[in-house]
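Heads up, there are several structures right after this.
In the two complexes that follow, subunit A is the common piece, with subunit B as its partner first and subunit C second.
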Partner chain A sequence: MGSRASTLLREEEIEEIKKETGFSHSQITRLYSRFTSLDKGENGTLSREDFQRIPELAINPLGDRIINAFFPEGEDQVNFRGFMRTLAHFRPIEDNEKSKNAAVSEPLNSRTNKLMFAFQLYDLDRDDKISRDELLQVLRMMVGVNISDEQLGSIADRTIQEADTNGDNSISFNEFIKVLEKVDVEQKMSIRFLH
Partner chain B sequence: MAELRPARCWRTGFFFCLWLLLFLSVASGSLVVVSGSNETSGGPAGDTPEDPHHQTNSTTHKKAFPVLSFNYQDVRKPFVISLWILLALLMKLGFHIIPNISNVVPESCLLIGVGLLVGGIIKAIGEEAPVLDTKLFFHYLLPPIILDAGYFLPIQAFMENMGTILVFAVVGTLWNVFFIGGMIFAVCQIEGVQLAGVDLLSCLLFGSIVSAVDPVAVLAVFEEIQINELLHILVFGESLLNDAVTVVLYHLFEEFSHAGTVTVLDGVLGIVCFFVVSLGGVLVGAIYGLLGAFTSRFTTHTRVIEPLFVFLYSYMAYLSAEVFHLSGIMSLIACGVIMRPYVEANVSHKSYTTIKYFLKMWSSVSETLIFIFLGVSTVAGPHAWNWTFVISTVILCLVSRVLGVIGLTCIINKFRIVKLTKKDQFIVAYGGLRGAIAFSLGFLLTDNERKNMFLTAIITVIFFTVFVQGMTIRPLVELLAVKKKKESKPSINEEIHTQFLGHLLTGIEDICGHYGHHHWKDKLNRFNKAYLKKWLIAGERSTEPQLISFYNKMEMKQAMMLVESGSAAKLPSVLSSVSMQNIQQRGSGNRRAIPSISKSREQEIRKILRSNLQKTRQRLRSYSRHDLMIDPFEDNVSEVRFRKQRVEMERRMSHYLTVPTNRQESPSVRKVCFEPEHQVFTYDNSESPRDPRARPDPGPLDAISLVSESQGPNQSREPRAKVPKEQEEQDQLKLSRCLSDPGPNQEEDLS
Partner chain C sequence: MEDFWVFALWALKTWLCLLIGLIMVPAMFGFSLGISEAYMNILVKTLEWATLNIQKVTDERTLKPSASNGLIQREDGSMEKELEELRSSRPKPLVGGDFALSDCFYFTRKGIESIVEDEVTQRFTSEELVSWNLLTRTNNDFQYISLKLTLVYGIGIFVRYCILAPLRITLAFIGLSWLVIGTSAVGLLPNWRMKFWLSEWVHVMCYRICARGLSATIRYHNRENKPQKGGICVANHTSPIDIVILCNDGCYAMVGQVHGGLIGVIQRAMVRSCPHVWFERAEMKDRHLVTKRLTDHVNDKEKLPILIFPEGTCVNNTSVMMFKKGSFEIGATIYPVAIKYDPNVGDAFWNSSKHSMLNYLLRMMTSWALVCNVWYLPVMHQQEGEDAVQFANRVKSAIARRGGLVDLQWDGGLKRSQPKVWFKEEQQKQYSSMVVGDDSSSHSD
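Presenting the complex of A and B:
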């Protein structure tokens, strides 16, 4: 265990993760220990079963989708880098970062990227639009089984109608951003990793 | 010019009445005071000038039957109270009639000014003015304001900022008390200010009275400047929660100043007492809140008294907490907060409106009276002015507030996601107003030789904060461009996405193994759904997910708006919903176009309408003073029926729509179409019924809804957004259409 730990979490790797995600040293080490505790197979990667073993995720209506969000297209295993990359979306936006000019691209936890992450959880077929069906699926997951299809359908229609500005009966990413402009996304989509 | 004159006439007439009433109240007020102290002398004094008849009659041998008699004594007390309240409210009215004044001067200042004036008049007459009695204040005037604030507290914002609010309330108040108390003691030690007799404990006691931010004053001022929600909830939340600290410290120091010595044990007990007072208050409030929620579950048959339960349980919570010297304010807030979601799910819409308006009304009256009495008491009360003491108090209050806020924010910002900026800090510091609670607590001081001096200083601080800070905060807010409150319509998108994000964040937190804010909120929601809702909410609504109730509420609101606006043509841009999109603007002439339908069809419709209207009329019960007027279209049962019918309707609609489509192309459909030029669309069974072609031409309400049956299921939701008044009529109509349309031939055959 000791030797593997040292090979998997070298200083250079920590530095790279730091640069990519913006996490601090202590946060990275802490999350690494969480990663290893989830990694029952001890092969340095997590599979879907590892995630599903977390009890609270099983009762979360969006559990499956969240798990899928960690795995890149078509793959079944996620390594620590990928794990951190996904979690980086939820880092709180710091004031000093706002003023800093984006080095290469926008930091992973910018408002737009946070919203993009959420958008992709709706938009499973990755066509950059939330169609009525996709919306209905999410609604059905959140609301449970007691509500009739027609009622859900009407809610979905109304939602699309409210958000849709270009008349294509689906919600594009820009419309999604616009609808949430009054919501304090920075606060709602951030987890306090700082202790 | 001609228009202005009548308006001005009315205004001058109004003010004349106002002054007359003012004089009357002063006169009767003085009568009360005089009578209060001397029962017998008041009577004849009131009687004699007014009624010579009575006197002369009594001297004759037989008393003639008194046609008109004067007996002021019996109704004196309620009369005077009502007169004072009436005066206060007329003043409030007057301020809003005078143009421009309410923009510059906050209402609280004006009311204090009026109080000063009235107090001055009373004093000039030579009578004793009514003072802001502590019992009156704490038992009658304060609870409505706190209940109003607590019941409508924005829970989300409050919970999210709970940590910050607690730090400001507890640590901030403690800092204020000790800083002010200590520094005042230091000032008193200075030679030559004649303040040598004031010991440390008295100073600390004084500090504890004067340092608490007052919810009444904060509400009064912040309501008018419409500041953004975060700042509002920070200052307001602080003013509510610091009550526990104030109560404990006040009693603590009062006990100590009698006892004389302080030991470590006393200090520890004090800290324990703080926890007992605050948590005990919350517990008492929670118990009453749950009781109130539980009671509201059974009120389906006695809707009229529903609001009373809310008020009485809350008031009992307040009084029960006061019995044990717990924090009454926290108890009241806890009661309102806990009771609200369940009560709102259970009570009728009318009761909800009643509760809302009664709370607002009472709190408004209370606030007005408090400020006026504050003014009157200022003029009346015995004063002992000491320049040094007063000036240093004012300065120290300001300084300690600023230092406290800055210092605490540095610590708090380390733990906040959204940090507090300098502007925020300034507003929080500047918004720390003192008010009537400080005055009443000061009034409660017993056998303290410096009581008058303390009172004078407290009043000066109150006046300074309310007048100077209250008046200048609005221009400062403008100057600093502080974010204002965002006006936002309820949006189903925001609701859905916020819930979505909530679930998402809970999941992420679980993956990280981090038990944070979302995790506990989710646990609380689960507990709520599993246990509390089952017990506390009546009927089928106990299992309704939050999203659905939100959606229903929105639809209901829109339907109400439709009723109020009167005609569909007036609200094209405001509403945006599936059903509303069909009700678009049209030339007024066309809306009333008489549909061209066959005679027999018309007969049928008329028959159906008539029979249904008759049915509803039969439901009227016998008249009773305690029944709310049972309107055939709007009785309390209609909401549930509304929902049930809607579900019923949709089931029928979808049934008939999924029945083989060939019928849709038959000309019989066209026959019942009210708008002849409307196209008939083939029913598209695919999953995306919102085909751009499917968007109908603007047409009369009837036409759209009728032909919509041939379109996708999206149109079938039309009935829900209809005017509730016509709801039943429409539903029956649609039902009959549904029943008859797919086979109108059958009907005609039968008839």
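Presenting the complex of A and C:
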């Protein structure tokens, strides 16, 4: 129910999360209450099953990949800190954040980090490259049974061809950035958080 | 020692006399002495005062006003529109399918949005309140705001737990035992007109006592549309208390499963005095049998209207979820009813996965009160060319509109089970048609 949410989260913790993610105090407490209501095991962490219990996410063609993005490699639990860190990628970029010196430390919601999130959806084996096979698998998740192997294969081939500049038949993160350079990533990979 | 027992006996006697004189008798004949109205007035004033005080203090501490509902604002564009925007920066290829690496942005954002806020799981947790109502079980836990408020909170605890709770428990106990005794007694009578009349009187009286046991203030609107015999009354479902609320204003035939334990005893007693439709667990699975018994009941114009909650599960009273089509297939007259509780004086939602029935009732009895509005909507009939599902949706929308609730398509069964794969396949199909064009080449597979 998340009723005791605000009391269990210590002020210092909120401050730290605020610094790391850029969320406001009230956003953090409200997301914490959301976190606890998803936490059916009531152990302070979320498992993959906790996420899958959200019906809208369960029917999302890329639902499994999105859930996966919350879990660091080899782990199957995520705590509130990690949960917030992943969500922070989707904060809109505010004007005062743009002008900040990026060299200090890049905010989680920067254009590059947003693109990294998308890149990792395709990069199934986390080797920093999208191979033809990986692209095919993700495409299959999105289209289901509606498109033939042959046709999907040619789509994958063409996509890789368009992006691949060094001829290794796969897409690196730099190539990924280049292909999407004209896309309004800042807006399309952002969620309008209120308050 | 002797004196003590004399005193205790005397106290008990006075207590019972007061109870009978001030509550039972009015409940029997359906009039009110104005005590609960006075209590409600004081309560409303107190809560208003508390809200004002809380706002004053929080305004000083933070610049923001109290949180409104909603954490994010969703992007409502259709898949087509969103994907077109995403692809606008690149030329459409002449041959082969149209796919861009950025297409995943659409699904990603949708997915993350649903993690932050979704339409289904939030309907199964208590509604978030805008301001603290001096109860510790809402989204706003006890908070120290000012000495005055803490004092009022303390007095509130005393009143709720030491005065109201024992009174309410006694009332509920009397109400329920009266229901069992009364209906069993009426059941012994021969089937004369008198029996129907008596049975109705006993039912309504018991429910009135129970309603007082919850300090329920119920406002009925549009009573000219009250359900009539030979029809089906459908309502949105928040908790088992819905039944008490509706039955305060007239009798209904219940439909449901035969339970064991205390509920079973009550069920068996009730069915003796007037016909309810109880099913054995195994029978519930037999759809034909269920439909047949319902049809038989409805066709008998002498029998009470059937009360059904077509959502099939308790929702937190902020929305109406999918109506199961069963009750709309019979072709009977439908009497829609919308029930809306006031969340500020007590949370009426029964979160059955978290609280047992008894636990829930105790929580209700230690809340401030129960305030609710009941709207009787005009009769609805299935229209020509309309199937049961469409009809069910139409009724649901009408109830949602009247009660000020959000009209949702989702199945309440999702509380306990996963959504059907079909929904995912629909999205994949839609996306595929955007990749290969509308002439869907699925045949080639």
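General remarks:
FYI, the second predicted complex is superposed on the first by the 183 of 195 C-alpha atoms of A that agree within 3 Å, B and C clash if a C-alpha of one lies under 4 Å from a C-alpha of the other, contacts with A are read in each partner's own complex, and residues count from 1 in each chain.
Going forward, a contact is a pair of C-beta atoms (placed from the backbone, for glycine too) under 8 Å apart; a residue touches a chain by one contact, two chains touch by 3 or more.
Predicted, not measured: the structure shown is a model, and the values here were computed from it.
Overlay on subunit A: subunit B and subunit C clash in the combined arrangement. Of the two partner chains, both subunit B and subunit C are touched by A:Leu139. Of the two partner chains placed by the overlay, only subunit C lies in contact with A:Arg53; subunit B stays clear of it.
Of the two partner chains placed by superposition, only subunit C is touched by A:Ser26; subunit B is not.
Contacts of A:Val183 after superposition on the shared chain: both subunit B and subunit C are touched.
Contact with both subunit B and subunit C is seen for A:Ile147 once the two complexes are overlaid on the shared chain. Using the contact criterion defined above for the overlaid structures, shared-chain residue A:Pro92 touches subunit B, although it does not reach subunit C. In the superposed three-chain arrangement, subunit C is struck by just one stretch of subunit B from 96-104, 258-266, 402-410 or 510-518, namely 510-518.
Shared contact residues of subunit A, touching subunit B in one structure and subunit C in the other: 31, 34, 37-38, 51, 54, 56-57, 59-63, 66, 87, 90, 118, 121-122, 138-139, 142-144, 146-148, 150-151, 154-155, 158-159, 163, 176, 179-180, 182-185, 188-194. Within the complex, the subunit B residues that touch subunit A are 160, 414-415, 417-419, 486, 488, 491-494, 496-514, 516-519, 526, 543, 545, 547-548, 551, 576-578, 581, 647, 650-651, 654, 687-688, 690, 692, 713-714, 716-717, 720.
Of all residues in subunit A, those touching subunit C in their complex are 1-7, 25-27, 30-31, 33-34, 37-38, 51-63, 66, 87, 90, 117-118, 121-122, 138-139, 142-152, 154-155, 158-159, 163, 171, 176, 179-180, 182-185, 188-195. Subunit A meets subunit B in the complex at residues 31, 34, 37-38, 51, 54, 56-57, 59-63, 66, 87, 90, 92, 95, 118, 121-122, 131-133, 138-139, 142-144, 146-148, 150-151, 153-155, 157-163, 167, 169, 176, 179-180, 182-194. Residues 62, 64, 67-68, 70-75, 85-86, 89-90, 93, 96-97, 99-122, 125-126, 136-141, 351, 354, 410, 414, 418-419, 423-425, 427-429, 431-433, 435-436, 440-442, 444-445 of subunit C are the ones that touch subunit A when the two sit in their complex.
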